[in-house]
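There are two complexes below, and they share chain A, which is joined by chain B in the first and by chain C in the second.
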Partner chain A sequence: MSSFVIIYYTALIAASCLAAYYKQRNVFMLLFSLTLVSFVLGIIGGAGALRFVATASFILALAAGTSYAFREFLILISKPGLAKELRTAPLTAAFGMFVIFTYAIAGIFAPWIAPHGEAEIIGQAFAPPDENMLLGADQLGRDMFSRIIYGARNSVGLALVATLLAFFMGALAGLLAAVKGGWFDQLMGRVADVIMSIPSLIFALLMLSIFGTGLHVIVVVVAIIYSPRVFRLTRAVAGNIVVMDYIEAAKLRGEKDWYLIRREILPNATAPLIAEFGLEFCFVFLLIAGLSFLGLGIQPPTADWGSMVRENATLISFGDITPLIPAAAIALLTVAVNFVVDWMLFRTSGLKEQ
Partner chain B sequence: MHDKFKDADVLLEIKDLKIEGYSDETWVPIIKGVDLTLHRGEVMGLIGESGAGKSTIGAAAMGYARDGTRISDGSIEFDGMELTTASEAERRALRGSRIAYVAQSAAASFNPSHKIIDQHTEAPVHYRIKKRLEAQEDAMELYERLRLPNPGEIGFRYPHQVSGGQLQRAMTAMAMSCRPDLIIFDEPTTALDVTTQIEVLAAIRDIVDQFDTAAIYITHDLAVVAQMADTIKVLLKGEEVEQAPTQVMLDSPQEDYTKSLWAVRSFNSPQRHRPTDGSQPLISVQNVDAAYTGGVKVLDDVSFDIYPGMTVAVVGESGSGKSTTARCITGLLPPMSGQIMCKGEPLPPRYKDRTRDQLRQAQMIYQMADTALNPKVRISDIIGRPAQFYGGLHGSALKQRVDELLDLIELDPAKFYSRYPPELSGGQKQRIGIARALAAEPEFIICDEVTSALDQLVAEGILKLLDRLQDELGLAYMFITHDLATVRSIADEVVVMQHGKVVEQGPKDEMFTPPHHPYTDLLLSSVPEMDPEWLSTVLEERGVDNIGEAADP
Partner chain C sequence: MGDLTRLVFKRLGLGLGTILVVSVLIFFAVELLPGDIAEAVLGQGATEETVTAMREQLGLDRPAFVRYFEWLGGAVTGDFGVSLVSGERVSDAISDRFVNTLFLASYAAVIAVPISILLGVFTALYRNTIFDRVANVMTLTTISSPEFFLGYVLILFLAVRATMFPAISSLSGDMGLLELLHRAFLPMLTLVLVVTAHMMRMTRAAIINLLASPYIEMARLKGTPPWKVIVKHALPNAWAPIINVVALNLAYLITGVVLVEVVFVYPGIGQLLVDAVAKRDFPVVQACCLIFAATFILLNLAADVGAILTNPRLRHPK
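Entry: the complex of A and B
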C-alpha cells in the first residue's frame, strides 16, 4: 500500500461523507460510485490503474470546472436576452464553446502564438520533445506544436469557407424551391439527388484530379458536395413556413419572392439552419482532413492536420503518439462543435413546444 | 336539483388546490386555491376563458400535472384515496379504469395506425377486467348506445375512416370501456360543427345518465354546459368565481364576471339594407365553379353579391366551401368557370395577374392569429408594411400611420409598437391582424372565422371593433363563420352553403324567420341555447335517431 493509495481513498471517502452529510445526493452518488469503481480497479490493476482513474477524473473535473467558469463568464459579459439563453446551456455546450473559442484564438493569432514558422526546419527529423520544441519535430524536423497552431488556421479556415459557400448555395436554392415550387422545385430536387447519389469522397477525388488541388478548387468541390444536404433541410424547413397564413397574406399583398425569403421566411428558419451549420461544418472538416490525408487536400508545406497525420504515420509503428496529436485536435473540435449543436437543436425543438 | 346529490357519496374532493407552472426560471401560480366537490353521478361544468385553468384542474382530478407544472399545495381525494401523495403506479392504476379522459381533438388522440376497437379494448384487457372478446362485444354495445352507425363493424375501421363526430363518440365509448366512476370531458365538442355537436352532446348525456357516471365537463360554451351539467363552476385566472346549480346559475348569476359572460351574446348591430338606387355591388361572385388540382368540384355554381358598406355572412359546416369561396375571391384558387367582378369589372382569376390596386381592394383577416402573424417580425413592421407597400409611406409618416392604426384598433401605440406577436394575447393578435388589413385602406375585407379561436368576451370585443370600423370607414365584410350567434349579431345578409352550393341567401331578418330551407332550419335549430331543457326539446322534436348528420336531407 503506497501512500498514494491511502491518500486517494481517504480523500474520496471523506468527500463522499461530506456530500452525504450536506444532502448533495447527486454529488454523493458520483463520488461514492467512483470510490467503488476504484476499489474494484485497485484490486485488479493495482496502484497504476488507480493513478489512471485519478488522472482521468481530475481531467474531467478540470474540464467541467473550466466549462462552468466559462459559461458564467459568458453570461456576465453578454446582453440580458442572450444571457438568459446561455443560462440554459448544459456544461457540455459550455465546454464546446470553450474549445471553439480556444481554436479560434489559436487560428487568428497563429503567427504570434507559434514559436516557429510552419515550414521552418529547426531540428532533426522526428526529434523528441525538448525545451525548444514542445511536441517534438515531424518527419522533416519542423516544430510539431507550431504546425498544429498553424493547422488550426488552415484546416479550420478552409472548412469554414467551404461550409459557408455550401450553405449559401444550398440555402438559397432551398428557399427559392420552397417559394417558387413547381418545375423549379423539381429541377433543384433532381439536381440535388444526382449530386447525392455519387459517393462524396470519390467525387471529390475525381474533381481534384481533374482540376488540380488549388485551395479554391477544394472549396468549390466540397461546397458542391455538401450543398444538397443544406438544400434539402432548408427546403423542408421553408416548406413548413410557406404554408403559414402570414406568407399567404404577404403573397396576396403582391410581395416579390425575394422579399418573402428575406423578411418572412429567413427569420423563422435561422435556428435550424445554424444548428445544421455546426453539424455540416464537422463533416466538411473531416472530408477536407481526409482529402489532405490522401494527399489531395491542402498541399505541403502548408500545415494541415489531415496531412500531418499522414506525414508522421510511420511513427505509429514505433508506438509514438505524435501522429495522434493532430488527429486528436480534429476529434476534439468535432466533439466540441457537436456539443454546441446538440444544445442548439434542443433549444429549437423546445421553442416549437411553446 | 342540487339537493339531488346531497345524499350521494362524495366521489372527488379537491381542497385548496394550488398548481404552479414553470416559466422564465420561476414557478408562477396557475391555480390559486380551488375547491371542488363532486358527488357520484353528478356532472359538473367548468367554464371560463382560456388560461382560466379549466383543463389544468381537469388533469389534476386524475392526479396528473402536465409537463412544466406541479401541484404545489392542497389535496385531491378520489373515493377516499389521496392522489397528491399516492405513488405514480397507484395513480396510473386509476387512470383508464376508474377515471377516464375525453380529449378535445379525438382525431389527434387516437393512434392512426391501430383500429378503433383495438384501442378501445386496450384498457379493459390491460386491467384484466375483461377478456379481449368480451371487451369487443361490450364495445359494440357501447357503440350502439352512442348511436354510431353499424356498431358491429365501425370499430374495425381505422380512425381516419370515420367522421369527426363519430370519432368523438367512439372516444366517449372508449372512456366508458371500464365503466369508470369519473369521466373528464375536456371541450369534447369545441372542434365540431353545430349539427355534429348536437349528436355528440346527446350521446354523452345519455351514456352518463345510463351508467350514473360522475363527470367534469370542461368548456367555454355556456349554452353547451347548460345542457350537460348539474352544477356549474365559473373560473377566472385560476380562481373560482362562483358555483351554483345550473338553473340557478343561468337565472341569477351573482358575480359581475359571470353576468358579463352571460351578456356576451346580447351584442347586436343594426341591420343595413342594399342600396336601392341600382348601384353596382362591390364584389360580385358569379357562377363560380372551383376544384383543387385533380379533385372533385368543391364549389358548384356559387353566386352572391356584396354591396359597399355591408356585411355578408357565409355560413355552413366545415367542408361546405366557405373558405374556398374566399380563396377564389382573393385569387389564390382560380375558378374553373365563372368570374369575380369588382365594381362591375372582372378581376383576373390569379392574384399574380392582379394589379397592386386590385390586391389592395380586398384584404383578409385570418382565423388563427398565431399563423397569420409572422412571429419574428415586429408589430410596427407587420402593420407598417402594407402602408409602405401600397401607400409609399416612409420614415415619420409611416410611424404616424402605424400609430394611427394602433389607435384605431384600441391598442396603445407606445406599448405595442416594437413588440413581437408571441408576446401578445389571442385577442390582441387578432386586432393586429385587423390593423394589417386596414393598413392597405381596402374597401372590402374577408373575415375567415375571425372569432372562432377566441374566448367569448374577447370575440365580443373583436366583433364590436369590426362593427365600429365598418361604420367609420365604410367597409364591406364577407364574414365566414359556422357560428350562428355571430351571424345574428353582425350580419346584414346571410348566404348559407352546403356541399359547395349556395342553398339559401337573403337579408338577415328574412333568413332568421321561417319558412327556411330544410338545411338552414337544421343549422338554426342545432345552435345550443341557454336553456337547460333545449337539448331534450330538440331531441323530442327530431326523434332520437334523427339528429345531426342523420337529419341531413
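Entry: the complex of A and C
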C-alpha cells in the first residue's frame, strides 16, 4: 500500500463526509460512487488503475473548475440581460463556450502562437518530443504542435465556410418556399428529399471522385449535402410563422416577399436557427474531418487534423498517442459545440422535463 | 386490412421511386465530368487514338440515356460492368466484400440494439439523476468523436498496449466463426459505441415523450406499480418509436462502416469505395454508391413501414 493510495482514499472519503455533512446530495453521490468505483478498480488493476482514475477525475475536476470560473467571468463582463441568461447555463455549456473561445484564439493567432511554420521541416521524421518540439515531429519532420495550432485555423475555418454556405442556401430556400408556397415549395421539398436519401459520406465521395479534391469543391459539395437539413427546419419554422395574422397584415399592406422574410419572419425564427447552426457545424466538421482522414479533404502540405491522423497513424502501433491528439481536438470541439447547443435548445424550447 | 396493405404498398412504391431517382443521380453525376470518362481517366498525356479506343470500349459514343438503361438493367441483375483500373468485373470485386460488410454491420447490430434499448429505457426512467447526466455526457462525447478517433483509441488500448485483439482485421473464407468474430471485434466495438450512443439518446427521447402523456399519468394516479406502468401501458406504444430508432440507426451503421473499415483495413465494400474514389475508377464508385444508397433507403423504408404497422394513428393521414 503506497502513500499515494492512502492519501487518495483519505481525500476522497473526507470529501464525501464533508459533502454529506453540508447536505450536498449530488456532490456526495458523485464522490462516494467515485470511491466505490476506485475500490473495485483498485482491487482489479492495482495502483496503476487507481492512478488512472485519479488523473481522470482530476482532469474532470479541473475542467469543471475552469468552466465555473469562465462562466463567472462571462457574467461579469456581459450586459445585465445577457448575464441573467448566462447564469442559467449549466457547467457543460460553460465548458463548451470556454473550448470554443480557446479554439478561436488558436485559429486567429496561429502564426504568433505556433513556434514553427506549418510546412517547415525542422527535424528527423517521427523525432521524439524535446524542448524545441513539444509533441515531436510528424512523418516528414515537421513540428506536430505547430501543425495542430495551424489545423485549428484550416480545419475549423473550412468547416465554418461550408456551414455558412449550407446555411445560406438552406435558409434562403426554406424562407422562399414558406413565403411563395405552391410549386416552388413542392419542388424544393422533393429535391431535399432526394439529397437526404443518399448517405452524406457516400454522396461526398461520389462528388469528390468526379470533381477532384479542390477546396472550393469540398465547400460546395458539403454545403449541398447539408443544406436540405437547414431547408427543412427553416421551412417548418417559417411555415408556422407565415400563417400568423401579422404576416397577413403585412401582405395586405402590400409588402414584398423580401420584406416579409427580412423584417417579419427572420426575427421570429432566429433562436431555432442559431441552435441548428451549431448542430450543422458539428455534422459538417465531422464529415470534412472524415474526408480528410480518407485523404480526400484538405490536401498537403496544409495542416489539417483529419489528414494528420492518417499520416501519423503508424505511430499508434508503437503505442504512441501523438496521432490521437488531432483526432481528440476534433472530438473536443464537436463536444463543446454540442454542449452549448444543448443548453440553447433547452432554453429556447422552455422545455422542463418534469 | 385492405387499407393497410395499400398504404404499405404505396410507401414501398415511393421508396422504389426514390432509389430510381438516386440511380439517375449517381449515373448522370459522372456525365458531368469535364470532357468524359475516357479523358478523365487517361489524363492529359493520352494520345487521340487511345482516348478514342477507350471511348469505343466503354461505348461512350452512344447517347447517355441509352447507356443509363443498360447500366440500370445490368445493376438489377448484379452486373455493374468492368473496372477501369484492374479490368476485373465489378460484381466479382464487390460480392465477397459486400458479404464481409454485411457480416460486420450485423455483428455490430446484434450487440448494439439490445444494449442501447435497455440503456435508453433506463435513462428515461431515471432521468435527471446522476446516472442520466453521466450517460448524457458520455453519449454526447461518443457521438461527437469521429469514428476514426474511437477506432484508434481502441487499437491503442486493446490491440497495442493489451494485445487482446488484432489491430488489423484480415479475414479469409476458411476461418471458423469464432476466429472471424475475434478478428472483427475491434471494428465491431467501434461501430457499437457510436450506434449505441445514437440509439440510446433517441430511445430515451421517445420514452420520455411517451411517459409525459396523460394516460401514463392516469395509470400512475390510480396506483399501478411502476413496473406495470412500463410493461403494460408504456411499452405497447413504445414499440413504434423503438422500431423506428433501430431501423434509422441500422441505416447509419451502413455508412459509418466506411471510415471504420479504412481504420481497421477491413476487407469490406467501404474500403473498396474509398480506393476506387482515389483511383477514379468510376464503375466501381457508381456500383458501391448505388449499393450503399439502396441499403440506406431500404432501411429508412423499413422504419416507415414498421411505424405504420405498429402505430394505427399513422394509417389515417390528415
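As a working rule, the second predicted complex is superposed on the first by the 350 of 354 C-alpha atoms of A that agree within 3 Å, B and C clash if a C-alpha of one lies under 4 Å from a C-alpha of the other, contacts with A are read in each partner's own complex, and residues count from 1 in each chain.
Basically, contacts are C-beta pairs under 8 Å (C-beta built on N, C-alpha and C of every residue); 3 or more make two chains touch, one makes a residue touch a chain.
These figures come from a predicted structure and were not determined experimentally.
When the shared chain is aligned, chain B comes close enough to touch A:87, but chain C does not. Of the two partner chains placed around the shared chain by superposition, chain C is the only one that A:338 touches, whereas chain B remains out of contact. By the touch criterion stated above, A:245 is placed in contact with chain B alone, chain C being left untouched.
Within the superposed three-chain model, A:254 lies in touch with chain B and out of touch with chain C [touch as defined at top]. Applying the stated contact rule after C-alpha superposition, one finds that A:15 touches neither chain B nor chain C. Contacts of A:267 after superposition on the shared chain: chain B is touched, whereas chain C is not.
In the superposed pair of complexes, A:191 makes contact with neither chain B nor chain C.
One of chain B and chain C touches more residues of chain A, and that partner is C. Chain A residues in contact with chain B (one complex) as well as with chain C (other complex) are 354. Residues of chain B that touch chain A in their complex: 25, 330-332, 351, 354, 356, 359, 363-364, 366, 368, 371-377, 381, 385-386, 389-390, 422, 436, 440.
The touching residues of chain A, counted against chain B in their complex, run 84, 87, 244-246, 248-255, 263-264, 267-268, 354. By the touch criterion stated above, chain A contacts chain C in their complex at residues 26, 29-30, 33, 92, 193-194, 197-203, 205-211, 282, 286, 289-290, 293-296, 306, 309, 313, 316-319, 321, 323-324, 327-328, 330-331, 334-335, 338-339, 342, 353-354. Taken together, the chain C residues at the contact with chain A in this complex read 18, 21-22, 25-26, 29-30, 32-33, 127-128, 130, 137, 140-141, 143-149, 152-153, 155-156, 160-161, 167, 208, 212, 251, 254-255, 258-259, 262, 273-274, 276-278, 280, 282, 285-286, 288-289, 292-293, 296-297, 300.
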